[in-house]
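Paired with chain B in one complex and with chain C in the other, chain A is shared by the two complexes that follow.
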Partner chain A sequence: MKKYLIPALSAAGILALSAVQSDAREYKIGFIGPMSGGAAQLGQQMERGAKLYMKLHKSQLGGHTVKMIVRDSKRPGGPIAKAAAQELITREKVELITGLIFSPNAMSIAPLVNKSKTPVVIMNAGTAFIPNMSPYMVRVSFTMWQSGYIMGQHAAGKLGCKTAVSGYTNYPPGKDSVAAFKKGFESSGGKVIDAIPMGGPAKVPDFTPFFQRAKSKNPNCMYVFVPGGNHAAAVAKTYQALAMRKAGVQLIGPGDITQSSLLQAMGPAAVGVVTASHYNMFLKSAENQAFVKTWQAEYGAKSVPDFVGVGGYDGMAAVYAAIKAANGSKLTADGAMKRLKGWKFNSPRGPISIDPETRDIVQNVYISTVRQKGGLLVQEIQQKFEAVKDKCKELKLGKCGKKLY
Partner chain B sequence: MSSFLNEISTVLVFGLAYAMLLFIISVGLSITMGLMGFANLAHGSFAMAGGYVTVTLVSQMNVPFAVALLIAFIVVAFLSIPFERFLYRHLYRRPELDQVLLTIGLVFVSIAGVTFIWGPDPHLILMPEYLQGSINLGFNIFPKYRIFMIVAGAVIVAGLFYGLERTSIGAKIRAAVDNRRMAESCGINTGRIFTWTFALGSGMAALGGGLGIQILGGIKPVFAFEYLVIFLIVVAVGGLGNIRGTFFAALILGIIDFAGKFYFPEGGAFVIFAVTILVLLIRPQGLFGKA
Partner chain C sequence: MTAITGADTAATAEAVKFLQTRHRFHWAEVLPWVIAIAVFYLLPGYRLLATQILVMILFALSLDLIVGYAGIISLGHTAFFGTGAYITALLAANNIPDPLIGLVAAAIGAAVLGFLSGWVLLRTAGLTLLVLTMAVTIMLGELANDFDEITGGFDGINFTNSEIFGLIEIDQLWYTSSYIYVLVVLFLSFLLIRTIVHAPFGRMLIGIRENTKRMSAIGTPVHQRQVLVYVISAAIAGIAGALWVQVQGNVTTGVYAFELSGDVLIMIILGGTGRLYGAFIGATVFKILESLTEQILGTNQPYWQLTIGIVLILTVLFARRGLYGIFEDIGEKWKDRSQ
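The block that comes next holds the complex of A and B.
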């Protein structure tokens, strides 16, 4: 033992010395997402968005660098994400955690980061009350209430639906989304006549029995929430296969059911579907067109960014803002929150900011319809709602009105 | 009354289409388990391979859907032979745990393999004109594809029954399943029979994988795992190695599954498990299995 002690000590001394001499600091951050399994495409989108931002803004941290450590959360549930966060915090000693596709992933790590005081930037998970679970969480993606409530009002108003059936994947964001839709729809004079739980998020079910049930109720509109990815691809297909449009049922939902990266594969089935969403790749702004162009230059013309990719990109922008503010010192939860409350950014989706009160995203919401143009499907924007806040927290409904930590 | 007829026909037609799919994929697994007592958990991987062959042929080489299904059947049937010859054969007389470990390992390899080649996204195909749209039967409207699925399933079932009940190779297979030693003493080469039956079963699974693309929401890497449980349930409820049992189990489970989800979406997905438990409590050997 003694034999090694002196060289070890001197090595440590040299290391310490060199650390003091250079003022460039490496910030280690943890990234948790589904990198394998059924939702791997979502993890890949999010990681690509984050890495694209890092690549384009490498030189903007004043010599400091960022090391992103990726951990696989595999399934939509909590335990694996929680174990990954624990390992990232205790062993890798990361100073911030980001990523988080599924709501249960984000919920499960809240108690951990509250204890370790690790700041979290949520790049996707959209259940409204998540930021209420930790004072150290900031969300840059979306809340289910932003799209659901507006879609409800739009369905009862412009689309003229008197009755609606909602179908949802049975886990927190699904319940959130249909609750938001119901509130918006019924406050504008519509009536939700059936709400159909359509299985869990882990496995894509055959949607036929659920859609057949909806069809047998003869609603004007059917509002569907499913998580993006494999679930979404199956929704439009089922809707078409059951000839529901001919039966007079209009398919509507949040942007998850017309995810840009899956749109072309959905084919003619998706034409006419109306969604409320904060992003699709067809937004006409200069920021978005430049973003799509750089994305395809980096990942090939076959890859297109969708709302998950933008979540990754903008999330990393927020992380960089926090690191810049720390300026070479340790990234603390308090420091990061101080910087990110009220943070503004010109995102490809339009101007976004973080509400200092709720640490949640404020952004535009677009109503759009899928149309066929040439051989391709595009989403045409009909209406834009500016600077939309989370309605659930505004109305202080249920858990949204409570402090959960 | 008309809404009642509407609901009943909905449940029967959609349930039947699903049942046919379950049967086509599960029958190979049932035979493998009955004939050699081999727990082939990689059966879903062969179905998945069939799905990917079909998708690739249809969307990249513009092969007609029906031809692509046939090619998928042949390709996967032949591909499965080396697996049986070089891997499975060594484990026939080994404990089930060894068999499970080997085949579950193969599932992981196959998932990683297809993710590497085709990526994690689900692949869908554009159906030919004659399978698009729906048929109005007066009392109800059904997607053409589901009707096609039922017809295709019925043809395959009839073919299988004929082959097994009326041909000499069928008689040999039945003999080998019933009593392998006795069949061998009569001069039947059970090893070779098994290879061909295994290939046939894998080919059927591949056919099911191709047919299921439209019904199961596309083909994707996790397919091999996602549907494994339901295939195993069909086999267990039907009784190992029993084709008639597998057919009726698929029929019952397919229709009950659809009805459960249609009438009680909140807990419908569990109805099928409740039925399975019930059947196995009363008849642990399965509906048509030997005690």
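The block that comes next holds the complex of A and C.
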């Protein structure tokens, strides 16, 4: 090890020197996410993912550096996120904004960035039509349509469900998700016989009456959407308490109900749940195994990356790609969009790209089942769908088919 | 009643003088407006935050009118704030983009809601009233979430207002005209509120706050008067809600958030209830701590709730009349010394 040290140091020195010579530039970017309150765990996942990428790819920019300014968006809902964005743009003079967990936060800043011509990389917010609101937004996360539609097809096909009931948290991602599921399920010959709204996203409700209603309809499958966070454990427990598996109801849903970082907390009740999602930490690819390993080396063995963390990591990869393309000059919205439309990356979740038409993510979607293995819950991948686009924009449904700026 | 002695005459004269000059403008009342104008020129990067503070001051003033003056404690004042916000936003999103029409419609809409809910709710008092006001705003929030075809639900709606008088655009990046617009509306509303609280009507409200039974005994129709001040307060809260969404071009169910009702109550407790300028101080301190705690401490860790909690505890323990009370005390001391 030692004999490489001196050459390595001198190489680093030369690099540093050459960096100084070529006018190293500091790129200021703004990061908006919930760092306090009920959703702080999501904000922390996203920030950790983003920082991990920055740490591992310091040399990628050839001497230019990135300074990330973190602002707390506190609650879901526009005003605080918008104030943060305005202040980041006008006072901190950031050249790009990223982060954004909640859809309404991303939507509220759209008019602002349209005016200031600031590029935005969305790391999470999943309501389908968001990129239609600004020509300067790209999304690296997901849309609810990607998982929902495929889960619908899979449920009617491989799982052999003829009837299904859906239960959803009553806000746009939930409605998106069950609409996508219905479309996929019924196009493959199934029938959704009931759709049950299960309260708002702010609090975890008592799911018993909703699941009781679902059980009384005797469906083959029950498709559940709840937001990432604490809802999922309650869903699994209610499903078990009402003995729905014994009654022949298979629990399915998008990856939000089996978020890797919260999977163990769901307990044995979660075993057998089938989900469709673009990421879980059990993916077998070399990229993912390296990612999980470096994540745990950085944040401790107890910390587990989930789809929000990967959103942060990949989002920062997109930001670096845009900065690299700017190469020392100012990062303009047009320049960043030119680089990011069609951008490709080998993510821990598999190969991803940005659709040049819609500026939205194209990625694999995996069907997986929760299994118990040595006292721990793991997810076993059963099937992979490659290069999945957002179905809502493909079918031009409602706002997904319109230009909203 | 004994005859007035010499010493009494002096005390009475002073009391009479106080009553006669109470409504006159003190030179220090210029200060908040000077500060507001100075902020506009000196801190352009903070203008959106400053604009939000101005709106929150108006919202806090409207709450102070019922809590501080009339003694009606409410944890659901966002019902009116949110209704004003949605009325303005929906008008703008449906081809009536004039901001001033939006303001007037918001005030009327919120006032009607204030009348309907106030007529029923104000028959109760204390805890019952507190919970009922809360229930109203939570219900409205659920309605806004449920009728997402109209309201956009949790995601809300973006909209664009037309120019004020067809001339001045409500600017959403640098907040130049927006700030002035809000400041002017705040100033006019403040003059109205100040007139109300110094008028006999305002004195009567304090009477109701201090002793409802006695006011009834001397012939004041207490319930009617309470409803009236509730309606006025609702209308002003509606205007605040309208301004809130107009300067952001966006409305979400957050305007009905029960937390916001709590926040605004904390603002007037911090600043001092029943004293107009308490709302100015409370809203400013609250919003600055909320937005800038992390920046001031130079950390990414979210400490703002802790900081607000500590300031609130200290205020309640050591400055019962709020932060404005401290200014009053200093003013008194200064006066004593100069005599």
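The definition used in the following text is that the second predicted complex is superposed on the first by the 383 of 405 C-alpha atoms of A that agree within 3 Å, B and C clash if a C-alpha of one lies under 4 Å from a C-alpha of the other, contacts with A are read in each partner's own complex, and residues count from 1 in each chain.
As a convention for this text, contacts are C-beta pairs under 8 Å (C-beta built on N, C-alpha and C of every residue); 3 or more make two chains touch, one makes a residue touch a chain.
These numbers were taken from a predicted model, which means no experiment stands behind them.
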Notebook entry, point to check: Touch check for A:79: first (chain B), second (chain C), both, or neither?
Noted result: second
Check: Looking at the overlay, does A:267 come into contact with chain B only (first), chain C only (second), both, or neither?
Finding: first
Next item on the list: Using the touch definition from the top, say if A:397 reaches chain B (first), chain C (second), both or neither.
Entry: neither
Note to self: Taking the superposition on A as described, I'd like to know which of chain B and chain C A:111 touches: first, second, both or neither.
What the structure shows: second
Check: Regarding the shared-chain residue A:213, is it in contact with chain B (first), chain C (second), both, or neither?
Finding: first
Check: Which of the two partners, first being chain B and second being chain C, lies in contact with A:89: first, second, both, or neither?
Finding: second
Check: Touch check for A:103: first (chain B), second (chain C), both, or neither?
Finding: second
Check: A:40 contacts which: chain B (first), chain C (second), both, neither?
Finding: both
Item checked: Shared chain A contacts, counted only where both chain B and chain C touch the same residue -> 36-37, 40, 170
Margin query: Can you tell me which positions in chain A touch chain C when the two form their complex?
Written below: 35-37, 40, 47, 70, 72, 74-80, 82-83, 86-87, 89-92, 103-104, 107-108, 110-112, 115-116, 127, 133, 170-172, 175, 200-201, 404
Check: Quick one: in the complex, what on chain C touches chain A?
Finding: 44-49, 52, 142, 145-146, 148, 153-156, 158, 160, 172-175, 244, 248-255, 257, 259, 290-291, 294, 300-302, 304-305
Check: What residues of chain B sit close enough to touch chain A in their complex?
Finding: 3, 6-7, 10, 14, 18, 115, 119-124, 126, 133-134, 141, 143, 145, 214-218, 220-222, 226, 258-259, 261-263, 265-266, 268-269
Next item on the list: Please give the residue numbers of chain A that touch chain B in the complex, ascending.
Entry: 36-38, 40-41, 44, 170, 196-199, 203-210, 212-213, 216, 230-231, 233-234, 237-238, 241-243, 247, 261-262, 265-267
